[in-house]
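A, B, C, D and E are the chain letters, set down in written order, and residue numbers restart from 1 in every chain.
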Amino acid sequence: MSDATLSGATAPATAAKPVAFRGGGFAPRPHRWVGFVVFVVLILIAEWGTRAGWISALTLPKPSDVLATFGELYQSGMLFKHLGPSLARLFVGALFGVTVGVSVGVLIGLFSYVRAGAVPLVAALFPIPKIALLPLFVIWFGIGEGSKYALIAFGTFTPTVVATYGAVDNVDRTLIRMGQSFGLSWWSIVRKIVLPGAMPGILSGLRISLAIAIILLVAAEMLGAEYGIGAYILQAGSLYDLERLFAGVVILSVLGVVVSALIGLIERRVLGWRT
Amino acid sequence: MDIRLDGISHSYDGVAVMNDITLDIPAGRIVCIVGPSGCGKSTLLRFIGGLERPGQGRISQIGEPPEGCLNPLTYIFQDFALLPWRTVEGNISLVLEDHGIKGARAREIIGDVLARTKLTDFAKALPKQLSGGMKQRVAIARALAVNPAVMLMDEPLSALDSQTRELLMDDLISLWSRQPFTAVYVTHNLNEAVRLGHQIVVLSRRPGRIQEVVTIDKPLDQRQFGDPDLDEKQKYLWQLMRDEARAADAELINV
Amino acid sequence: QGTKIKVGALRFTSHSGSFVAKDRGYFADAGLDVELEFFQAAQPMAVAIASGDIDYAVTAISGGLISLAQKGAIKVIGGALIEEEGIDGQQILASDAAYKAGITDPSKLDGKAYGVTQTGSSFHYVGDKIAQAEGISLAFKPLQKVGAVVGAIKSGQIDAWNIVPHIAKPLAGSGAVHIIGAVQDYLPDYQTTTVFTSADNAANQRDKTEAFLAGFSKGVTDYNSTMIDNAGGEAGVDEMVKLIHQYVYNDRPFEKAKPSIVNGTMRINEGAKLNLASVEDQLAWFKAGGYVDSGVTIEDLVDTSYVEMMS
Amino acid sequence: MSDATLSGATAPATAAKPVAFRGGGFAPRPHRWVGFVVFVVLILIAEWGTRAGWISALTLPKPSDVLATFGELYQSGMLFKHLGPSLARLFVGALFGVTVGVSVGVLIGLFSYVRAGAVPLVAALFPIPKIALLPLFVIWFGIGEGSKYALIAFGTFTPTVVATYGAVDNVDRTLIRMGQSFGLSWWSIVRKIVLPGAMPGILSGLRISLAIAIILLVAAEMLGAEYGIGAYILQAGSLYDLERLFAGVVILSVLGVVVSALIGLIERRVLGWRT
Amino acid sequence: MDIRLDGISHSYDGVAVMNDITLDIPAGRIVCIVGPSGCGKSTLLRFIGGLERPGQGRISQIGEPPEGCLNPLTYIFQDFALLPWRTVEGNISLVLEDHGIKGARAREIIGDVLARTKLTDFAKALPKQLSGGMKQRVAIARALAVNPAVMLMDEPLSALDSQTRELLMDDLISLWSRQPFTAVYVTHNLNEAVRLGHQIVVLSRRPGRIQEVVTIDKPLDQRQFGDPDLDEKQKYLWQLMRDEARAADAELINV
């Protein structure tokens, strides 16, 4: 039979032509090295420009100088003197904001009245710029670590709430009906169905909240901080020391990427059940 | 334990979805409910299981559930309703935990129901690793674990491809043959209805009312694929419902 | 063991009074155990006094300070930095572009952009006073931070600004900006900064407050005599600069920091005397501009019972 | 038959008991008035506290004074003098940031190489706090409107990119295969399938981007703005004039709620096809 | 226009999914492809339509497509693939626009295909307003609009409930009877296969190879619901596939 088919194909009484290909595309493929190359090329262009002079020293610092500044910072031990307090502030502030945010978000997700009361409040708090409130925060929480924690906590609170109640709303209702149909208690349903089901949404909200926390570090350290990456950047900015400014910004940027990678890791660990 | 439905009517936001449904579900039998889309089958099943309250009428359970019954009215859902973050075992133990069954006793029950549904090798698998047919088997095992008096099944096979559906029908029949259970079985599929039902309740279009109750006396384990008697019944049912099904299908959905 | 107090400071030479008093034990002699609390900007320092986080500080008079005084939170109790003839004080700077365009004198600034940190800040006061004296009008550009103003004037986006000498001189030295005048020509005896504390300290903690002023004044005396009157000669200056260097420019080596510290030398009032006339003039200006409530009085702002008022 | 049933039920040889209800809950119901009541109560408490004195004048202004300040602001015509430039900055900056962001996001969604190059770059830019860059923006864009537009554009750019390429990734692949199977050109597929399909995701990204734009208004108006809500707030903060500070913050908050409502309106209009 | 498949083999990431498939699809006939889950049916259909390229083998079209054919190889998808933001009309005009057919000509074609699928009244409806059955009718109308030489259908009815499926099978039969079309029809449902197929190709488990080709000679319009001949064929097919279906169902998915 395959013979017949073949001869049919080779002796076309009627024309046999292959089916035209028209698929493919619209499916991104990873090319890891490209991202790396882009970074290297951008840095090289900046280096070349600043050396050759067609990028003025006022516009951009020499990347090599930034690196040198970073080296100094590391060798003098100042890097960790700045990084330590910043990380502590990030950790405490975000921990507080996220904990309260998740709790409030879950309550909003579970209780209609809490939702009706809290959602408009959160919506009204969301667009308030935290730096505008700096003078108040000093009065409310003092100039010590308290106001820094409070600022970061406040900044992470609102996005966490929004992400959390969205996640609770998105928990598959059939799973909840299933729990009820098997006579599970309300508390069991919340603990064993609603919370794990809301985890993916909460974690992806965490990604945003922590990015915001890092951004707010600078604002927080406007409040009488001597050490900290934000304070370092602010000081560099006020002295118009571009090398140090960029070194600080790079540190924050790396911090952001690291935090995001960490959450990715947690997601892969905790959410391995997702398809 | 029997279930009695007594003059059930209901409407959602002023739209009547069912009208004066009176029905007995005798112990040890499978009652199939068929009817066009949107006629209120799923709603009726939610009423029976106590997940929702009908606007009018009464649903009562007559007699006591059997010994050792943890959850008299137990559902099997169309989309399986397995917790994706728990293994097969974990999904079953979920419904035992709340009844205080843990440790050895739980392991024993889980082992038993997994064996009955031929899932012993899959105890540690996550739902995402299972095909649809296997998932529904897990859901059945979970339902068996609480030793229900009545199983409430809402189109349990309609998310499966038709070959898997055949396989699962065989499984259900053999489960019932070994130990008869009471079930209310909602389906669109007339073939399933004639294969599994002792009684087939035909509902009209929305608002659903009982149009006819067809009884099939042939024992379950003698019902074969392509059995002429059953084909006859199925043809009869289809002829009863065809026009209504077409009308229901052509309705615009007001979203 | 003395009374514990917290003193707010910026890492500027103008805060040397506190540094010297602490380092040479004058506060301890006065029975105080002082902890220095450093700030990045003056404004939060005023708020921190109001909130009770710190007890005493030195800063310029700003709208915020007056506003907090009106709310009954703080009081000015003495004077610090002052413009004195013969000693380099705050300088008036012009950007390179503006200078090249012929602005070599503040009188030519009519219609030009003048940098300030905030509307209602001390820079704004000084700028407006210059404008009034020259009979010109200036466009004030609020840029929030000193760093931003530096950037703006270096790149020629604003035309002029006034700033303390230790910032003005290195900037002018680099050629990016030019000094076109001195503030003291327009505001002789301008009380640049004042000593202030919480209203509670001023009213109810008289002993503590007097002890602080005593220690602070001793520090000031040492500083003035060494740095301005050159009482200790070159060695004295070196020693004093070393002391100050612990607090100011401490991330630079001593050799690099020294010129900046020396450049920053300005007279600090002996005995924390206060030029009340200058303060009154400032208050009047803030009220006239609507930056503070028109009901504020000099009594709300200043407690004159602690130090001598200059005439 | 119904007679027989009834008699069976009334004469229970075996006990007939009603099926127990165990459903309900986990379905939030709207209670619009609760949100309103919460606001009113909070404001009344603040008013009471500030009047009675157990909230000090340093901590919170009297709500009635804030209202009076707002009234003055309105009557003096200064409200619009401040609102006008701010809205213009928001509009131009966000328009620019969102336009470029959507374009880059679509390109990332469509081309693997663009994705590989641009995604790490965007991830690195995201956690950079915009206020840290203020001194640079002054140099790069001047202290005129340019730097304000640039700051807001930069702030809205990154979240828009992320939302957009996520939305393009989420366009149903079967729809694209359908387009290909009917021989639609690449450009037709992008225009008629990918872009409309990505709309919901892009719009919900817009919600976040615009909230960020409003938050950045304050930072943007740090740079030599005489008029503008942000400038007004900053000035009030530096003068420690709490009434004006709160009046300004309330304006921003209302602005945020209005923008969010506007997007909701657009969504209902444009995305009426969603189920 | 005929289609010829010639020794098609393919593997994804080293996993062979089909093996040496050689097959002729003659014009004017419906060829059904059945086989257990994951045996490569959908992949094969993508190869035939040119959406993907096989690792080995050749697919050719023999002869010219009929006059006025805009898109010789046209799919009908399991999940309808309607653009939710376009009306019924708009979804059909989508596939005409790119061939430069607009205005009156487009309206004429759209009117014609809507009439043939009894959708005239629904021209302005959005997909979200339609039931599943109606959506698939729209997809069929869209396919008819481009006047295809061969229709490639990937489980077109398996997203529908079984009553709607019956209705649509009738519609397909009447469409074919009025004007025979060529089709490759992939399905899991043996009942559909025996009702619609002139030839039924049975594939083995992954890697799919042709196990048997069953021919049914009875004309489509004479095939009835519950026809004993067809039941016979269906039983035969099921017996061929049953064990493989069970094995395929029990496979763990490696995610």
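Keep in mind that, in the parts below, a residue touches a chain if its C-beta (ideal position, glycine included) is under 8 Å from a C-beta of that chain, and two chains touch if they have at least 3 such contacts.
Here the structure is a predicted model, which is why all the values come from computation and not from measurement.
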| item | value |
| --- | --- |
| Chains touching both chain A and chain C | D |
| Dominant interface by contact count, named by its two chains | A-D |
| Distance between the centres, which are taken as Cα means, of chain D and chain B, whole angstrom | 45 |
| Interchain centroid distance [CA atoms averaged], chain B/chain E, Å | 31 |
| Residue numbers of chain B (touch at least two other chains) | 49, 51, 73, 128, 255 |
| Shared interface positions of chain D, touching two or more other chains | 22-23, 58, 134-136, 139, 177, 180-181, 183, 234, 237-238, 240, 275 |
| Touching two or more other chains - residues of chain C | 43, 47, 50-51, 64, 145, 147-148, 150-151, 155 |
| Contact pairs between chains, per stated definition | A-B, A-C, A-D, A-E, B-D, B-E, C-D, D-E |
| Sites on chain A touched by chain B in the complex | 172, 174-175, 177-178, 180-185, 188, 192-193, 196-197, 199, 271-275 |
| Chain C - residues contacting chain A, complex | 37-41, 43-45, 47-48, 50-51, 53-54, 64, 145-148, 150-151, 154-155 |
| Complex contacts: residues of chain D adjacent to chain B | 1-2, 5-6, 8-9, 12, 14-24, 275 |
| In the complex, chain A residues that touch chain C | 58, 134-135, 138-139, 142-144, 222-226, 231, 234-235, 237-240 |
| Residues of chain E touching chain B in the complex | 36-37, 122, 125, 128-131, 133-134, 155, 158, 161-164, 166-167, 187-192, 225-226, 228, 231-232, 234-235, 238, 241-242, 245-246, 248-255 |
